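Shared between the two complexes below is subunit A, which pairs with subunit B and subunit C, respectively.
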Partner chain A sequence: MQTPPEVPTVTSTAATLGPVRLSHARRRTRFHPGTGALLTGCALLLFLASASLLAPVFTPYDPLATDASITELPPGSPGHPLGTDTLGRDLLTRVLYGGRVSLSVGVLAAGLSLLIGTAVGAVAGMSNPVLDALLMRTVDALLALPLLVVAIAVQAVTDPSLTNVVLVIGITGWMPVARVVRVQFLALRQRDFVRAAVALGTPGRRIAWRHILPNALPPILAVTAFQVSHAIMTESTLSFLGLGVPPHHPTWGNMLTAAQQHLLTGQWWTLLWPGGAIVLTLLAVNLIAEGLRQRGNPYAIRGER
Partner chain B sequence: MVRYVVVRLVEALPLIVLLSMVTFALLTVAPGDPAAALLQSRAGGTPPRPEDIERVRHNLGLDRPWPERYLRWAARMLHGDFGTSYLKQRPVGAVLRETLPPTLLLTSTALLLMVGLALVLGLGAGLAPGTWLARGIGTLVLLLYSAPTFLIGLLAVLLFSVRWGILPSSGMSRAGAEITATEVLRHLVLPALVLAVGHHLAAYVRLVEVAVNDVRHAPFVQSAVARGLPGWMVILWYVVPHSLPPFIAQLGTSLGSLVGGAYAVEVIFSWPGMGRAAMQAAAGRDYPVLMAVVLLTGIVVVLGNVLADVLVAALDPRVRAHWASSPDTRVQTSEAYGANTA
Partner chain C sequence: MSGPVLRIDDLQVLLRTREGTVRAVNGVSLTAYPGKVLALVGESGCGKSTTVRAVLRVLPPGAQVTGHAWFGEHDLLRLPGSALRRIRGRHIALVFQNAVASLNPTRTVADHFRDTVWAHFGLRSILWRSLAHEALQRAGLTDAGSILSAYPFELSGGQQQRVALALATVLQPAVLLADEITTALDVTTQALVLDQLRAYARTDGLAVVLITHDLAVAARWADELAVMYGGMVVEEGPVKTVLSRPAHPYTALLIACQPRLDSVPHGVPPGGVDSPPEGERCPFLPRCPQVQPRCRTEPRPPLVGDGRRVACYAPCDEAR
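What follows is the complex of A and B.
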């Protein structure tokens, strides 16, 4: 089964390299693990994001306009394909416009987490062991807190607003990012190209920005994608509990607060549309995150599973 | 081992202090003047005069600098005096004593259910990689991971309570005179199950799956198979114990979000626990109750974390050895296991 050596003088080398080269060639034709999940997630997210961005194209209604004559229409009613809620607002319209709020809160909060987490993680990974230990113990300690409960307490005291929701979720969500960034910095700091830069007298800040950070991006992106999913989930939970985005904004969490009151009368559609939107969005983001995580590891070997 | 426990407890102390400072700060910046609120409630709703407010503020020590107020507040908390609820006109301590047991019952049942489910699903997926079973479990778990706990709760109410009428969606309240064990159980099933499958299950199933995959071909498992042990015995004696330490470490770190999920579940199912009390307090701006609940939840979660770390150390000889040999180079259990789950 071994490849016959082409040149007799390099027999041993060819014999050992042969199978390796073969499997390399076979691996080329396959996708890197995680590509399928990544592409599926991207397509789904693109669909959801463009649907909510182009909401006015799909529906002629105002998400806030109430109409007492068409309350609680079931799905499939003429002009209201997904039905209406108790105040006569078109559910398709509200789901689409709600996507704008939910998606932007998720992305902005995760962006804030990314900024804080990268800063803390980079400082911990670049600095002396004492500061590093101090920062990481702080991260561990903060992770041990019930952060959703803390967010609930903060939201209960402050006036509800979109900015507050983004700030609270962003500030309680940076710790996993900091951990990943630190580990990457610690690992990359030992690599030859960084040592070379140090030997050339490159200032630490420039090493962090130009040499380490770009190489650490794949895992950082993966953990940030998980934070987006976490932020969307937290926003919907806070809004559902009445402590998130102010109720007059159409968000999926706010729509579900209303849905809860009508569950007992069996109006399943007020639950299904926003709930389905949340699950689809989180599924898309989680697929992206999972794909990034798998692709972020160039040493992942295909075939072993 | 004893030293490990003591050190972990001492390390948890600053965290509890930090948490108490956060809750105190939130109480301080909360809108509304406690002195005015107190006077108004005593006078039966008539707005108090400014000089009265000033006098009460002075009597209560509210005009002192914040470090002094914090220390007084903390001392009162340590003596079991949590203040008075604005809404219910009764000591916060009584509210806590009433709501803590139901919450502990709900969360511990959910934890047990979740551990069982995760072991079964994780073993199913891990022992037969690449089969339709493993793929099915993977899809189910990803779907569950993408649904917030409260959404699963709403769906469960819609299906089990409204559509099929199998289980009650609410009504587990202390108003009734006698509460029988079966009644409690009937009301417990649905919320506990929702809390168990909501959001957390996915991470644990994957942990078990990975651990099972790790050891399936390990020499100690192979030798057990070679010695002719039946399959179930190999799994129970050799595979499952190996998957437990990372599992428990993860339990510790995600205890916080479990409790957060419990808040939403308690609201949906009208469970008479701390979460529902906190949400009622938040809606009614009853800050003493809210902050006391938050602080107590935080302390329970922090102590739960310590317990998880200690359990890991007890179960995993490597962690124990690290700790026993040289405390300086000890591996943080959460870090040792958290690195690949992050």
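What follows is the complex of A and C.
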């Protein structure tokens, strides 16, 4: 007769598993997830901003002063660590001073787009079909309006200033944000948890803020991060048309535009520094967006992606 | 017995769909009494959920609702939005069928309770935590502390269902509209939750409208039973009377197709309703096993009777 196979006892299994822990009983981790990304992004942005503001401390040169004797110095030259451009202007100086314009335009114009776009998109997504259609056809109409036409019209009636650049970019850039926000609101409004909140008597404004917006955040943040790079590059176009800063005044956008022709003649570094500065800015903005996104993501908060 | 707390009177709901207008609810009248459980049974698409959603006006946009839903002296179907908002959740609460989807994934259970209490009590809502504990206990969740700190995705389906139920009863409403709240629960938990719900209804005078497709649930926990078919109530009465001596042929078929241990189910399981019947004739006419000549010529039968009411020209023998 065969012996029955050995059956593991329950106690031995329990002993190897140790005490059972419920996943939701776990407390919040010491830091919110995304705190690292958020802080790194903020620190990087702060570093770029303070370097621009404190430019005179780091460099003795005038960003506009040309010197025919030191044109096209490569990076690492004595006195000019990042080299000089074809007119003999120190590139470190120009990148630092250029950040003043580019950073403020990038952050402010994108912020303006975010505010207008979210407000319009949320109203359109929450309200009745008539107002929704009205707002969205307005968005379509504004999207059909070329940026340069608006820019030239604004330039015709006002003096060139940085404020105008921010306003023009902000006012022409919010439509994609509004579309994304509206679609998110329309989709989330149909979800059962929003209906359940309505059935429990939650006021409409609270529904929009507490129930819909947090769930709509990831795509909104993604579009906004994209808006920053768009604003930095558009600024150079607008300045070229005479709406913003004078053309010889350094900004990352116009340095990059001017460097395109030098690339063929071998002065690669004139392209590298402003381009690198823009990349760092976008990295900072995306880190902040990622940090914010993770802070709103319950799976990440519990440490399970 | 005290008077009714919610009286639905000749409710009609038209839903606009891509294929055309659907008459989802066609003249439903129901009454909910404090301390009593009214079970609403019927097959999918018969208008059970639409009926209770229409009461709180949480139907999809474009729905046309006529009739009355009296709560005290307020007609809920004609109340301005702000006044209705104050009644939702506070006096009449609705638990949705799909609890998993009815909780916001980005907010903890505690946030849900705080929000709901805040919506009605504003600054006076500092006591929300004790209210939440009480409501969770009532719904059969003993570990209220860890449930409150959890996100919905960290709870099991049954826990989510009970959280949704607790959320609806946290403000101790007068009426609870419960749309298939025990579908996601196993039978043990179902018994526990429904026992506690009925006990709570008895002690606090809560009127419960329990939507279910499970006649066994209705038989065990309900006081009154309303059977719906094609957007109409076809039979209504005390649950024992209706189940032991069904008068409407549809009720009889519905009971007959319940599986039993001692016999093979001999009824025909109700199939889907292709298109909701139009108003003129009895909605059950195409599928009725005992059609009379007058059923084809006369308008749909009214819901008549004393105690138990039935909408049929030829009620089953036992009822006569």
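As a working rule, the second predicted complex is superposed on the first by the 159 of 305 C-alpha atoms of A that agree within 3 Å, B and C clash if a C-alpha of one lies under 4 Å from a C-alpha of the other, contacts with A are read in each partner's own complex, and residues count from 1 in each chain.
By definition in this document, contacts are C-beta pairs under 8 Å (C-beta built on N, C-alpha and C of every residue); 3 or more make two chains touch, one makes a residue touch a chain.
Everything numeric here is computed off the predicted structure, so don't read it as measured data.
By the touch criterion defined above, A:D192 reaches subunit C but does not reach subunit B.
Of the two partner chains, subunit C is the only one that A:R210 touches; subunit B does not reach it. Contacts of A:G201 after superposition: subunit C is touched, whereas subunit B is not reached. In the superposition on chain A, A:H80 makes contact with neither subunit B nor subunit C. Of the two partner chains placed by superposition, A:R295 touches none, neither subunit B nor subunit C.
Contacts of A:L271 after superposition: subunit B is touched, whereas subunit C is not reached.
Looking at the shared chain after the overlay, A:S236 reaches subunit B, while subunit C stays out of its contact range. In the superposed three-chain model, the partner touching more residues of subunit A is B, compared with the other of subunit B and subunit C. In the superposition on chain A, no subunit A position is in contact with subunit B in one complex as well as with subunit C in the other. Residues 22-25, 27, 129, 190-203, 206, 210-211, 214-215, 296-299, 301-302 of subunit A are the ones that touch subunit C when the two sit in their complex. Of all residues in subunit A, only 140-141, 143-150, 152-157, 176, 179-180, 183, 223, 229, 233, 236-237, 240-243, 256, 259-260, 263-264, 266, 268, 271, 275, 278-280, 282-283, 286-287, 305 touch subunit B in the complex they form. Subunit B makes touch with subunit A in their complex at residues 12, 14-15, 18-19, 22-23, 26, 29-31, 129-130, 142-143, 145-151, 154-155, 157-158, 162-163, 169, 199, 213, 252-253, 255-257, 259-261, 263-264, 267-268, 278-279, 281-283, 285, 287, 290-291, 294, 297-298, 301-302, 305, 332, 334-335, 338-339, 342.
The part of subunit C that touches subunit A in the complex is made up of residues 56, 58, 60-61, 85-90, 93-94, 96, 98, 101-108, 111, 115-116, 119-120, 146-147, 149-155, 164, 167-168.
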